[in-house]
Amino acid sequence: MSEEVTAEILQTHILDLAAEGRRLDGRGPDDYRPVTIDPGFVTTADGSALVNLGQTKVLAGIKLEPGKPFPDTPNAGVLTTNAELIPLSSPTFEPGPPQPGAIEVSRVVDRAIRAAETIDLTKLCVTPGEKTWVCYVDVHVLGHDGNLIDASLLAAVSALSSATVPAKRFEVADADYPLEVLHRPIESTFVRLGDTIVVDPTFDEERAAQGRLTVATDESGRIVAMQKGLVGAFSPDDVKSVVRRAFVHGDRLRAQIRGGRR
Amino acid sequence: MKPGPGTYRVGGKVYASQLGLLSPRPPLLQVVPLSGRYLPKPGDQVVGTVTDVQSTFWLLDIGAPRWAPLHMTGAPWKVDVGETERYLRTGDAVVVRVENLDATGRIGVTMLGEGLGKLEGGTLVRISPARVPRLVGRGGSMIDTITRHTAAQVAIGQNGRVWIGGSPEAIRRVREVLEMIEENGPRSGLTDRVERFLLATTPVAREEGGPAARVVPHDDGPPSADAAPMEDEPAEPGPADE
Amino acid sequence: MGSVGAKEVPVLLNADGLRIDGRRLDELRPIQIRAGPLPQADGSAFVEWGQNKVMAAVYGPREVHPRHLQQSTKAVIQCRYNMAAFSVDERKRPGLDRRSQEISKVIAEAFESVVFAEEFPRTSIDVYIEVLQANAGTRCAGLVAASVALADAGIPMVDLLPAVAVGKIDNAIALDLKKEEDNFGQADLPMALVPQSGRLVLLQMEGHMTEPELAQALELGVGGCRVIHEKMKAALRERYSTAPLAAGAA
């Protein structure tokens, strides 16, 4: 059970502000919080990135190990995404097995990475049916002030973009080489506050929200993943409008990943 | 000197038990905390949120180590057993007064008294309880400055939960001031900085009105000891006086 | 670096008495402590110690979940020491293994020895330690981070708890082992000191030491803890600076 109950008058205030196109922290409906990306934050990982999205703080680490391909995809590598919403990051998270919230973040991030063909899984294969690279994407949420999905994918894609395949260490090749990243999917999450749909919700805005919609885009203009969450509904026109806004945020954030390579 | 709040004695020495400012009040040595959860004192007016409703009482989150039960006999309504939910529901914000504490850490609160009741409209902001004396200011100077320049209504809980009523613009400006106080808590020169900020950001046409809001007057009598300028020595747990 | 997979034992101490990273036997790795990086927590701290990176957060005293853990006369101190999957060379499966559970237990007991828990009956003080990057000495780095986080959370206690590991490398007693020294050394002795009383509230040992070596190790460790104690206090002073605000614009 979560310790923190959000006061009804705070939620009402958030909705009143949204009706006028305003937000608690002074942002407009389409303003994203400041983002910083610190690639290579963890040297024990093969790739990593610390992302600060306002007061949301997410660390992603990549580990590559030799393993066996799945029998049904003998020519492809294996990609696994796992998000941990550890109790350190929020008074509302409890120790114990992964909660549905953590599993949703893992799966939504995983779908975007996979569908965008962020990395070419066939290139991870060393010997078909025998040996391949297993790529683990581990997302560690350190501070929860809302919008964990966007921050987690941003950290994951930044970490993949900074990753090195440890081929020498595992005696697979003579030298390590950079992991090739083909596409950079970005998720933009929106919540409905009354008739207003705002981007990049804070924790308090998520508590007040009447529906959440996440849209993942890539640089070639494809929509690669979506997720509607929380209690609430969106019209088809809402969805189309959110998608247009998601492309704008996606392009801006993608530029930040490229510029951030250490 | 003798060990006071925030200290302990071993042998002939007094040590700080808490992160805070050493501010001796002869014959007591005491450390005024700079951080930490709200520790209830009888008589404190606090702002809380209902977290659970039982048949004869409500449980309030007042930012203290434990939830505080508000018994139905402490409410300003004639409440029948099992009817509590008709008056206050989970998520409602209230102003209550701490009545008593027992050895088990149970916190008794009441809603009977002037300025106490359910909050309607406006919004809630949290600051560190250690910052409350700075928000009030010496003799109420800081909070007077804030309300004068913003036309907002402000109710301060000793627990660091602050209710703000007024126009959205007024609420926004008070929130910004609260952030300044939260960030610069132990430093001197804060009242001046707040006043300069408010003068520099005064809207050309002041907005009036806003959503209907119930005003609860702020506590006029801050403990002057705590509101003293923070000129004292910083202390960490450990030796305070050797 | 880079000798992780090496089969042969590296030379840990050269002819000049210097260690693989150039330190003397009584020298600590560089330590940086930042208090209060996580605003959602009641208290927090981030510690970079050599190549360790550790984040700690404290929540409480607060209501106990699950309720049956509640103690009627004092706060229960719950500690969770956890390693991120990518914090070590070989990926660690997420979740608490036996090692993490043991470390969580001895750290919780170290803090129970100094926190005035009887001031908060029927509550819980939750201490969370996340190792983000590991290079030997993570339980000590975690303890230091958690202790600063407890002070940041305003928890009353006897004193801060500095901690360090002392070890034995090439038959010499050395302060603050790094990974290669830990892997190929002869002993490892992590400890946590209550500076006020001079007593130890965490003490573990693995390896081989003689009685005179142990005496030497304890002295070296206590000295190291006192240096770390000053750094912990400095981090808290920096967070709660009382310096006057500049007269300039807001």
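We just call them A, B and C in the order they show up, numbering each chain from 1.
The definition used in the following text is that contacts are C-beta pairs under 8 Å (C-beta built on N, C-alpha and C of every residue); 3 or more make two chains touch, one makes a residue touch a chain.
What you see is a predicted model, and the numbers here were worked out from it, not measured in a lab.
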### Message
With a step meaning a move to a chain it touches, how many steps does the shortest path from chain A to chain C take?
### Response
1
### Task
Quick one: name the chains whose C-beta contact count is the highest of any pair.
B-C
### Message
Measuring between Cα centroids, which chain is at the maximum distance from chain B?
### Response
A
### Summary
chain B to chain C, mean C-alpha position gap in Å, rounds to 34
### Summary
The distance between the C-alpha centres of chain A and chain B, rounded to whole Å, is 37
### Task
Return the residues of chain B touching two or more other chains; collapse runs of consecutive numbers into ranges.
none
### Query
Which residues of chain C are in contact with two or more other chains?
62-63
### Query
So which bits of chain A are touching at least two other chains?
3
#### Entry: List of chain C residues in touch with chain B within their complex
42-43, 60-63, 72, 75, 116, 120-123, 151-160, 195-197, 232-233, 236-237, 240-247, 249-250
### Message
So in the complex, the part of chain A that touches chain B is made up of which residues?
### Response
3-13, 16-17, 20, 22, 24, 26
## Note on the structure
Residue set of chain C touching chain A in the complex reads 4-5, 38-41, 51, 53, 55-57, 59, 62-63, 65, 80, 82, 84-91, 94, 126, 128-130, 132-135
### Query
Touching chain A in the complex: which residues of chain B?
49-51, 61, 89-93, 119-124, 163, 168, 171-172, 175, 211
### Task
Would you mind writing out the residues of chain B in touch with chain C in their complex?
6, 8, 10, 15, 17-21, 33-37, 65-67, 103-105, 130, 180, 184-190, 192-194, 196-197, 200, 230-231, 234, 236-239
